[in-house]
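Both complexes below contain subunit A, partnered by subunit B and then by subunit C.
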Partner chain A sequence: MKKCGVMSAILLAAILLAGCWDQRELGEITVVTGMAVDKGENDKYILTVEGINATELNNRTASGFAPSIVYSAEGNSLAELTYRVNEGMSRHLIYSHMRTLIIGEELAKEGIIDFIDFLERNREIRDDFNILIAREAKGSDVLKVTYQFQKSTSLKLHTQLDTMMKDWGGDPGVRMNDVITAWTAPGRQPVMAAVRIKGDPEAGASSENMMKVTPDALVVLDSLAIFKGDKLEGFLTLEDSRNYLWIQNKIVKTSITAECSENKYMGLRVYDTRTKIKGKLENGKARIKIMIRAEAYIDGTHCNDQFDKAKTYEENGEIAQKQINDMVTKTIEKVQKEYGTDIFGFGEVVLRQDYQNFKKVRNNWDEKFADADIQVDTTLIIRRTGIRTKSFLKEVK
Partner chain B sequence: MLKENISLSQLLTLLINFLLGSAIVVGVGGDAKKDAWIAIAASIMFGFGIMLFYYFLISRVPGKNLYELMEIGFKRPLAIIFSNIYSVYFLYLASRVVRDFGELIASAILPSTPIEIISLTICLLMAYILYLGLEVLGRTSEIFTPYLFGFLFLLTILLFASGNANLHEIKPVLGDGLKPVLNALFPTLIVFPFGELIAFTLILPVVTNFKYCLRVSLLGVAIAGALLLFAMFLMIVTLGADALLRSNFPMLSSAREVSIGNFIERIDALVVFIMMLGILVKGSVFMFAGLKGLEYTFRLPYRYFSLPVAMIVSAYSVLISVNFGDHWQEGLEMVPYFLHLPMQFGLPSLLLIAVLWKKRKKKAKPGTKGMKF
Partner chain C sequence: MSIIKSLLKMRKKKEYPVQIEEAAVAGPDLKSMNLEQLKEKVKAEFGSTVDLSMDELKTEGKDALLIYLTTMIDTKLLKETILQSISGKEDGFKLTTEDDLKSLCKGKFGGAGYQLIGSFDEIITSLLYGNIIILFKDMEKALSLSMAIGEDRSITEPSTQTVIRGPKDGFVESINTNVSLLRRRIKNRNLRFEKFIIGSETNTFVYIGYMEGTANEKIVGEVRKRLGQIKVNAIFESGNIEELIADKSATPFPLALNTERPDAVASNLLEGKIAILVDGTPFVLVVPAVLVDFFSIAEDYYQNFMMGSFLRIIRYLSFMIALITPSLYVGILTFHHELLPTPLLLGIIAQREGVPFPAVIEVLLMEVTFEILREAGVRMPRAVGQTVSIVGALVIGQAAAEAGIISNIMVIIVAIPAIANFVSPTYSFAAAARLLRFLLIIVSAFLGLYGVLIVLVFIVAHLSSLRSFGVPYLSPVAPFLIEQQKDVFFRFPIWSMRKRPAYLKTQNPEKFPKTGSPSPPPMKGDQSN
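Moving on, here comes the complex of A and B:
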């Protein structure tokens, strides 16, 4: 009896402790860091995945081979294609560390909404990767371009966008879940960052590209792609992209240039800024008030200003204030007039602050946005001027 | 039959884990969208009422559990029938709870592992705990509950620190009026999870310090309700109402959002721990309640039945529905109306009336014999 018990305990332990069906050894997997989706030639999509070669990413073990492998497969559903790409790749692909999703412009123009469902539903894929549009290029070409530091484009873009957003604000900071929320929630349309290949895509796809001081091909952050529903509507400039961030209260730090006197400029580093938006509907017309509060320091000036007087600070602050007002208003007006799609989420603001009225215009909010009355009000305080007071420019003989 | 006792603190932790149990896995009150937390806040009030009702029922005859009360109320033959119905009800609920857990693991954590194995392993554990008795269950939940609070606290800190929680997501509060809140409240939120406290009519009589039992039970309901409310609030502010409604396991989805410096990521394990503890306690309490019914019918210690019954639960947890949609629909459309309402409120009310009537009759004729309990 006792023997029986011991035996069954061992048996049970062997079954229960042996692990599960889902184990994967590190040597059997390839980590996918980037994915690109393009319009297919025969089928609906072409999926391109970039699997990294971990030994090449480490400087000690790198031996000059290509840092990653990029492979494409064509089919009608992404769910199947993510496994089909093994027709060209040897190991299990792990999608949980995916950093970047690039969508070809052509596909985005036709409406891309349906394959995103797979990305949201799949348990392995996180929903906070960067989502980008490849402007005037194929997503697969963007993935192929190599780069000196992060070596693979998807990792480079991830770092680059992050840096850009923290230092200047050209990346809208949009993750997949933001895009989905913008699609589903009333009163907002999605935006995405757009990238472009500068140079020759063919030449970019080799490790020699990494060895040049000026690479043959470089993926650059180009603009802000804006959507109406699920269709790509157009592109705004990088400047607009920063202003967009400003309205979203997502600016960490940024720099602006203001004209202090004729053809003379000053640069300001904005290091602390907050934006509040108030919105309501009055007699069927939307009134949006954007209040920006910013702190900055002078980071260079062409004018001979006396920065040892409080008054000079005020005067320059006012110039910068006006500059910010103009910039932000211009961006909003451009979107209102040319596209009429509420990428700023003003509808959301009105929804939160004036829900009863918003309910009535819920289904045609974009029209209300297009003729909304926008007022931008900036308060900018210049705190300090670097490590100099007066500029040497005055003393120049 | 061995006399078992659990302490008041064990009762408290059992109550908390029981109420959190599957409610935190699947998320409750979703019908009210942004105002789900208001619905939960309101349901806590009903939770107090329900707890008071069961306590009142049980305290009519001290030391007797639901099945023994039935004997007083309806005589033994009828009581056996009712107790068997209740056993089946409780074991069915135990299977549902195990299935919830199985679905969670199979769809989010270990997709290639068969759900049978998952439900078998957790049922083996439950069988072992219940074989050792209610006291062991009480101690298990007592030991692990601090971790639950710790992990929930950690999750909150991480969600706010990573900037995923946007407090403005809850606005507008009550934008569409009270109607969606009421829809979520009746009957779903009342019968699940608070109505399921009926299983505690088998546990309350064995608490050592029965004097403070009511106070502790109400405290348990309050704490569990507050945690549910807080968890729902957290889910709304991280996911937003739309994504919340689309998630099968919203708590898990919100934990997946956490990403601090590309370093602290994928903290799903914390949430899975909270859920696993809740499921383990809830499943065991239901199974215990079912086993007590068998004990009453067959006059044998319930622990003899624990392994076979756990295996039945394990098998049925897989068999009760063909797919997740089936399981979901059954739980939302059938169970509340056809099972929960009669079993949680119908029969107990009947029983309460019968017991009160019998007691009055007994009081009226103090000299008569024949009322043997």
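Moving on, here comes the complex of A and C:
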């Protein structure tokens, strides 16, 4: 009996004394969904957080106030700043639901690796949020722009990037852990999606912006930011961004336009595609072979080809695959010539497939990448033509 | 603490002798008294009770005394048959010796269950069981005839364990009717019933039923021994017996299955289990009981095995829902916000905006309110039933949410486990989830999901320590018996369930020979057959 008493005393003490230390009632917290880091004026950084006003996000309880509150604080370490923002915000901020991190262009050019350590180390912050560059803007301004559906920019961007990547492929699908992997892996440099404010940032930062059919300001996906180490090197176009995904074998679905005859185009929906990369070093020169295999269906054509013959499929397929070949090659050449930074991870491929030779060039791989011999080989097969075989165009024209 | 200690000690000290059923009771001999004395003595025993009737009568040329309790016997039967036959004159017959009495009884009441008794205490007992006693002058033995009448409820559908498909009869309060319900289902000479009289003041009939040659003799012996050891003064319900014979009382889980359904008891008897029937209650106990018994019901076997399996899984799921939903709510909302998808978290925050209480208070408030409503619903007079349900629905539902005392989602968090709790086929088992729920909520308020996990681990450890008549409570899952899994989480087709539960160690482990699945007759021209 005495034993029981002691046991229950220990158990009670364990529960009552050890418990509750990280307890937070829902009424005491504000959920942070987005964070922006900019270059500070006096100190190193300006941290901007977007705290959600949950009542406004719920259609039943919303009463037309701003959907979120954005507050900035300046300091030298993000770790401190995440708590210092309470100088302006009332509730305890929880960062576990952070969806988007936006880095100002100015800061990105100077290097970002210092504060990323905090984001990776912190127990609350996940490592799978979207990491974006605000092109020609401050990150804090991007966070302030409102939107009709998800209402807050960070939630909107999260959904938007996801949809874009699945349907067309403009977003590289880079999360924080991908950036860190790219840094730590030999033979790869990180990329990030870049966004831009289309319109007036001032006007975008009000709830009136949500009420307009054409908002005063809108955050749009602009380009692909490419890095050398932790410094921003430059931007590629959205098409390049899609081609990047293609090389990474990350395309889910996409659409391409090919010229089927002079000044006439056809749209192809690519719904299944695989990419394989082979790489090796020959006499100190890298040889990379990219093999793309894609299946597509005709989604619209200006030409009045009649798709009741196998030959027509083959011909059109060849046109399209040449188109893809050119696009992808162009993108790679552009990166090779203008930036000389291996964002595609060809170094990784060579590391796996030709380790002995890679070891020798490991430290100056980017130079090898810049003058690598790259060959793209695409196979595209047209499987279907939508719900019509013969086009009505022939009868009209 | 010390009180409990001394109580426990007291219980240990007492060594109950094994009681022999209907022990021969000694008492004053009948021979030593004449009728007048006996009359006085019976009167003295019963005092001034109104229903004692003592009539003098003369039969076979002899003075006799007819004693009975008017409330216990069928007076119509008494008048019509017994008195007519006994007072009818028969020439040349003298009732002088015991043999004369015997032959008289053989002639008149052969087959009617007469008894000749010789001691005074037996007379009293017989009277209490609803017998009539006829005392003859100068005779050593008295004639006792059973004429008990019980105003029985007719057999109706069980009120607790209803089925859609299956027999609609349920046990009643009369033990003999209950035995007959079982006999009618199992027409087998091996079905045995043994009688015990338990309760020093109530003298309640308790029968144990089992299949001779199937049931494990050791378990039957253990049941006999435990029933024999009971020394309480009163037994009113099988719940009393259940508590007195359980292997352990400090547990919220029932260690004996109780049911109102004769078909359920019958099928359990054939599995090799033992039924305990108590006079005066429609609830029959089945021992040994294991955890999985509380998730299977007779109807599982009456419908398609796929549906039976599906419903069984639903029952396991509901038990878990009933047990942990409120504590998960508390744990996640106060410790683990990151576990919820963002839109859901934001939705809950929006709803809880303005709720003055912490989540745990909110949950406890609503759970207690619900328990009060539930108890009120069971106890209230039928006439006020509607009032309670209207008020209850208002209190627990919209009104509380609108008044800002609780959040809307809270209504769901209370309602889902409440409904899930009613899925449990055995009420006493559902009660375990009801109790443990509160423990989980409180620990979860302090330690979050970590605490929920700790309590669940403790519950599993506790469950595996339990025994029901020596059978591990978690068998056949722990200890794991692969060949017994056909009737645990899934219900396999009946033709494939040939084995009796191995954990019972039955004398006859196979129920029927191997037959295989039923199949259509061979087609015309099929050479294979």
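Here, the second predicted complex is superposed on the first by the 380 of 397 C-alpha atoms of A that agree within 3 Å, B and C clash if a C-alpha of one lies under 4 Å from a C-alpha of the other, contacts with A are read in each partner's own complex, and residues count from 1 in each chain.
By definition in this document, a contact is a pair of C-beta atoms (placed from the backbone, for glycine too) under 8 Å apart; a residue touches a chain by one contact, two chains touch by 3 or more.
The structure presented is a predicted model; accordingly, all values stated were derived computationally and were not measured.
Novice: Are subunit B and subunit C a fit on subunit A, or do they clash, once the structures share the same frame?
Specialist: fit
Novice: Touching A:351 in the superposition: subunit B (first), subunit C (second), both, neither?
Specialist: Only subunit B is touched by A:351; subunit C is not.
Novice: Considering only C-alpha centres, what angle arises at subunit A between the directions to subunit B and subunit C, nearest 10 degrees?
Specialist: In the superposed model, the angle at subunit A is 50 degrees.
Novice: Quick one: name whichever of subunit B and subunit C touches more residues of subunit A.
Specialist: C
Novice: Can A:55 be said to touch subunit B (first), subunit C (second), both, or neither?
Specialist: In the superposition, A:55 touches subunit C alone.
Novice: Considering only the touch criterion stated at the top, classify A:184 as touching first (subunit B), second (subunit C), both, or neither.
Specialist: After superposing on A, A:184 lies in contact with subunit B but is clear of subunit C.
Novice: After the superposition on A, what does A:33 contact: first (subunit B), second (subunit C), both or neither?
Specialist: In the superposition, A:33 touches subunit C alone.
Novice: Between subunit B (first) and subunit C (second), which does A:22 come into contact with in this model arrangement: first, second, both, or neither?
Specialist: A:22: touches subunit B and subunit C.
Novice: Does subunit B (first) or subunit C (second) touch A:127, or do both, or does neither?
Specialist: Only subunit B; A:127 stays clear of subunit C.
Novice: Quick one: minimum Cα-Cα distance, subunit B versus subunit C, in the superposed arrangement, integer Å.
Specialist: Nearest C-alpha atoms of the two chains are 5 Å apart.
Novice: Hey, what residues of subunit A end up touching subunit B and subunit C alike?
Specialist: Subunit A residues touching both partners: 16, 20, 22, 96, 126.
Novice: Inside the complex, what are the residues of subunit A that reach subunit C?
Specialist: 1, 5, 15-16, 18-20, 22-27, 29, 31, 33, 52, 54-55, 57-58, 61, 94, 96-97, 99, 124, 126, 155
Novice: What does subunit C use to touch subunit A in their complex?
Specialist: Touching subunit A: residues 1, 4-5, 333-335, 337-338, 342, 345-353, 355, 358-359, 443, 445-448, 451 of subunit C.
Novice: Once bound in the complex, which stretches of subunit A touch subunit B?
Specialist: 12, 16, 20-22, 96, 120, 123, 126-128, 177, 180-181, 184-185, 351-353, 355-356, 359
Novice: Please output the residues of subunit B touching subunit A within their complex, sorted ascending.
Specialist: Where subunit B meets subunit A, its residues are 107-114, 117, 121, 124, 168, 171-172, 175, 240, 242-243, 246, 256-257, 259, 265-266.
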